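Take this structure first; my questions come after.
To keep things simple, chains are lettered A, B, C and D as they appear, and every chain counts its residues starting from 1.
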Amino acid sequence: MTEELLRVEGLEAGYGAYKVLHGVSFDLSNGQNIGFFGPNGHGKTTLFETISGLIRQTAGKIIFDGTDITNASSDAIVEMGLVHVAQGNTLFPDMTVMEVLQLGAFPKRSRQKLRSNLDRAFSIFPRLTARRSSKCKTLSGGERQMLNLATGLMACPRLLILDEPTLGLSPRLKEELVRPISDIENSGVSLILVEQDLEFLLLLVQRLLLLNHGRITKRIDRQSEQVSHQEIMEEYFGVAVTHES
Amino acid sequence: MSLDAFTSVLLSGLVLSSLYALLASGLSLVWTTLGIFNFAHGVLMAVGAYVTWQISQSIGETYWIGYSIALMIVVMVMLGAVLEYVLIRPFYGNKNIVLVTVMTTLAGLTFLENGIQAVWGPRLKQLPPLIDGNISIHGLLTLSAHEAVIIVVSPLILIGLYYFLNYSIIGKSIRAVGQNQKAAKLMGINVSRSFILTFGLAAALTGIAGAFYGGLRLMNPTMGSEPLVKALIVVIFGGLGNISGTIAAAYLIGFLEAFLIYFIGLYWTPSLLFLFMIFVLIFRHEGLFGESARTTT
Amino acid sequence: MSILLEVKDVTRTFGALKALDGVSLSLRKGEILGIAGPNGSGKSTLFNVISGIPFHATTGLISYDDQEITRVRPHEIYRAGLARTFQKDCEFSSLSVRDNVLVGAHFSSLREEMHDDTAIEYALDLVGVEESKRSQKAENLSVFDKKRVMIASSVVSKPKLLMLDEPASGLTKPEVNQLCELILAINRTGVAILVIEHIIALLLKVAPRLLILNEGKLLAEGTASEIIVNKDVIEAYLGGSTHP
Amino acid sequence: MSRIKTQATVATICFALLCFLPLFVTDSYIRHLMILAFIFAVVACSWDISLGYAGLFNFGHVAFFGIGVYTTGVLARNYGFDPWLALPAAGVMAGISAIPIAIPVLRLKGIYVVLVTFAFSQLCLQLVLSQSWLTGGSGGLVRIPPLTLFDYNFARDGKFAYYYVALVLLVFTVIALTRFVKTPFGRGILALRDNPDYAAARGINQAAIRVTVLVVSAIPAGLAGGLYCLYFRISAPEVFSFGTATLVLSMLLVGGTSTIYGPVAAAFCIVLFSEYLENFPDLNVYKHLVIAAVIIAILRLAPDGLAGLAKRLTMRLIKDN
């Protein structure tokens, strides 16, 4: 179980002259889950878009399951089982829930499993069953997030990147998402989870990485260290907190 | 208006509508998926007609024209792919892509139009009809068998297109690319392949319209320019990026045009159509049948 | 001190989503008020409805300098003396740095006073953009310089209220410190400042009074030291709703 | 030497050369080509104001040119106006007709602007075709009186006087437009194009800018149309056609948008290049093929047009020295 699934080495990327990632390195073994957190605009989304092939890196290397995917196209990456569920993804406004789920199984490796994956998606997210023929644009925020997650599952992922799946959700809806996400986890899929909500993250992952100004500035291992709120607050709000209080 | 005149207006309206629908659905498909407006779309109609003619000359005129049309479709799909590769692909990511592709597709139009002239010369040509003879129904209504084929086959092709886009996984992936490219990529859809496919499909639909048209009237290299302008009006009426709206609008405009020509004459009809188009754009730019417009770049 | 900006029970909805849900606040002349809150809490929406860009409030009332501006067109709001900045895309990319500021001056109510370029140079001096960079195209500047030029293009119009939208995003720590100095310096010239930030650290340094938004509602209000020990605030930021 | 100074020097030298050219070149065919280039350069560089500087996908600019052609034609031919009066009237008429075009443009963006302006130019064409009592229909208006000065007939001097009229129009247009975009208001046009939200937050009224831009860009196009009509002494509906729009648009894009001098330079290149191809009778059918291929190649290799290419080259020269 300690076989390596993903390794990112010295990744640098950005938009034109504006560099967002300044050498990010981390790895993830099979069956492990890691969480990312950190203030907005510090490169989390850029990091995952680079891993999933939407943005080209300017330096560094990405290895997935022993294969170098640094320059692979996004569809080849999905085909290998590395699936990225983007943040606040609006999906396809004029398509129905059912159509989106079918498209989720677009990669060849998942097409044969369409039926069983659909059953699984509907059993994890029963709410989607009732909405199966509604267009995406009529879905509520919570339903969209569920559809996002379910669509990611349809591709038979081996590693699922979830970028802020609870963004904009009420506390009650957030709570509702904990169970499905841990179900996904228990089905043998590795997770990279991004969250602003630390408590939520700690429920689901073994390791926490803090991304700050395009660098990983803190790594917290949940098993070995006692997570201190005070410490994280400091990282999060900057030194000013301790100075002022 | 006598019954006779009414039925003949109705018929010419139906034939026009069918051709507009084939042309406009391709134009709309390219717009929806790639977000660009293909001004070379109309000339593809002429290319389709000429290619069909050339094939029918090569394989011999004893063969039914339908075989030539089938081969032409293959050629058009490839030509569409080539056009996408040459005229559109180099400009992805260009911040002025809408404008630059207006220019490159206009240049493509010039190229193809003059290309036809260069290859096939200025002599007028005509394709044989799909079926010879006339059809008369109760003496009320007489039309050529070729027109009848156009009226019947075009909707069948469009229904086929509708089913392809809505019920096949490849069709769905094309629609997905049009609605959200990034999300489509993240689902493992190869966006550039979808683009090429879309262009090929649009070229094939237009080519079919051209082959039909070539059996009705004499062919010339600019035969597609007026239908393109009509297709543009159709696409606006139907709502950009809305295939079923486009098809409905094609039939609406076809009939409207036929009746306007009958009632107010050939001269005022185009002016009125353009005026309608401007008003639709101002007050309902999602089109008459559209519910939501694609947000433009 | 008299009230400069008053927001009363403002709501903004997008379909079923309530991005702002009955928010009220007031700002006195010359005051710095900080607004913080987690992502998606409605901070930017609040700025958008006040400045009218790109949309207005669904319900509620916003008044500025004793005039109602709830539905006033954005360029008129600016001419009345209320200038805002943006978190991203902070430049007119094809214009030079000077022209970026010139635009801010020319289209303000001060056009008649703009006989020479001293006001522009003064604004650029104030924000600290070097002389050598002032003829460059704005798109070639660093993120921090772009932000400074954007601030210059607003202070050049002598606004009464400056609204800063997450000014520290994308900046390094030393730059954030410089930014704090700049905000305080502008404030000393008598400009009231409304600043939203995701990172509370910046606000703690510049704003004596803070508001915390969460899920479109006002969660807490008070001085810096009151806010950081507030249970609700810690919960909103770091979660806890899932844990007792 | 700074870039601006270089530009000014080059422009002055070009101007001086063009001033003296007819004194040495007596071939009326070359003069004719230059007049064509001048007229199209005016249309192309005025289009640059709305398309390049304001970023409005205005596809109906050629309609302003056509309106100019027909205003002058109708006034001089049908109503007996002095051509010297009918010419400025073309500019005025084009400027006025920009206002109804501006109304839909204010509410739309992107491709919708292309479509509505395109519809407008098609509408103009259809009106011209259908009102044959006024416009001569598809045959157009012929035998329009030429410009004259006292007894001097501009049409009978081997294109000498028309050369200078067209040159003056071009020079005034270039100077006026260059100045216009350098004013603070002109900077506002660019600001609005670059970043509409930020522009609104700095007091820029989008509606006011768009109306002004369309009117300002329409006037030179109308004047060019008026001159075109007096020079060729016909008003033909082809001026509204796809072909004319393609020709001018290619000048604009090949020259490089938002530069003014780029489209002017490209107008010369394209007019002369396409005439040069006429020298090869064998090439006749392929001429347009070659032009289309060259345009695609230039757009691909030099996305900022010739002006962008020139800029890159001078930058390299400055660096090398």
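Definition applied: a contact is a pair of C-beta atoms (placed from the backbone, for glycine too) under 8 Å apart; a residue touches a chain by one contact, two chains touch by 3 or more.
These numbers come from a predicted model, not from an experiment.
Across the assembly, the mean Cα position most removed from that of chain D is the one of A.
Here A-B and B-D were compared by C-beta pairs in contact; the pair with more is B-D. Separating the centre of chain A from that of chain D, both taken as means of CA atoms, is a distance of 53 Å. Per-chain CA centroids place chain A at a distance of 43 Å from chain B.
A separation of 32 Å divides the Cα centre of chain B from that of chain D.
Under the touch rule stated earlier, the contacting chain pairs are A-B, A-C, B-D, C-D. Put simply, chain C touches chain D in their complex at residues 51-54, 73-75, 78-79, 83-86, 89-95, 99-100, 102-108, 114, 150, 153-154, 157.
If you check the complex, the residues on chain A that touch chain C are 17-18, 39-41, 140-141, 164, 167-168, 170-171, 174-175, 178, 195-201, 203, 213, 229, 232-233, 236-241, 244-245.
Those residues of chain B that touch chain A in the shared complex are 169, 172-173, 175-176, 179-180, 182-190, 292. For chain A in complex with chain B, the touching residues are 52-54, 73-75, 77-79, 83-86, 89-95, 99, 102-104, 106-107, 111, 137, 151, 155. Residues of chain C touching chain A in their complex: 16-17, 38-40, 87, 140, 143, 166, 169-170, 172-173, 176, 198-202, 204-205, 215, 224-225, 228-229, 234, 237-243.
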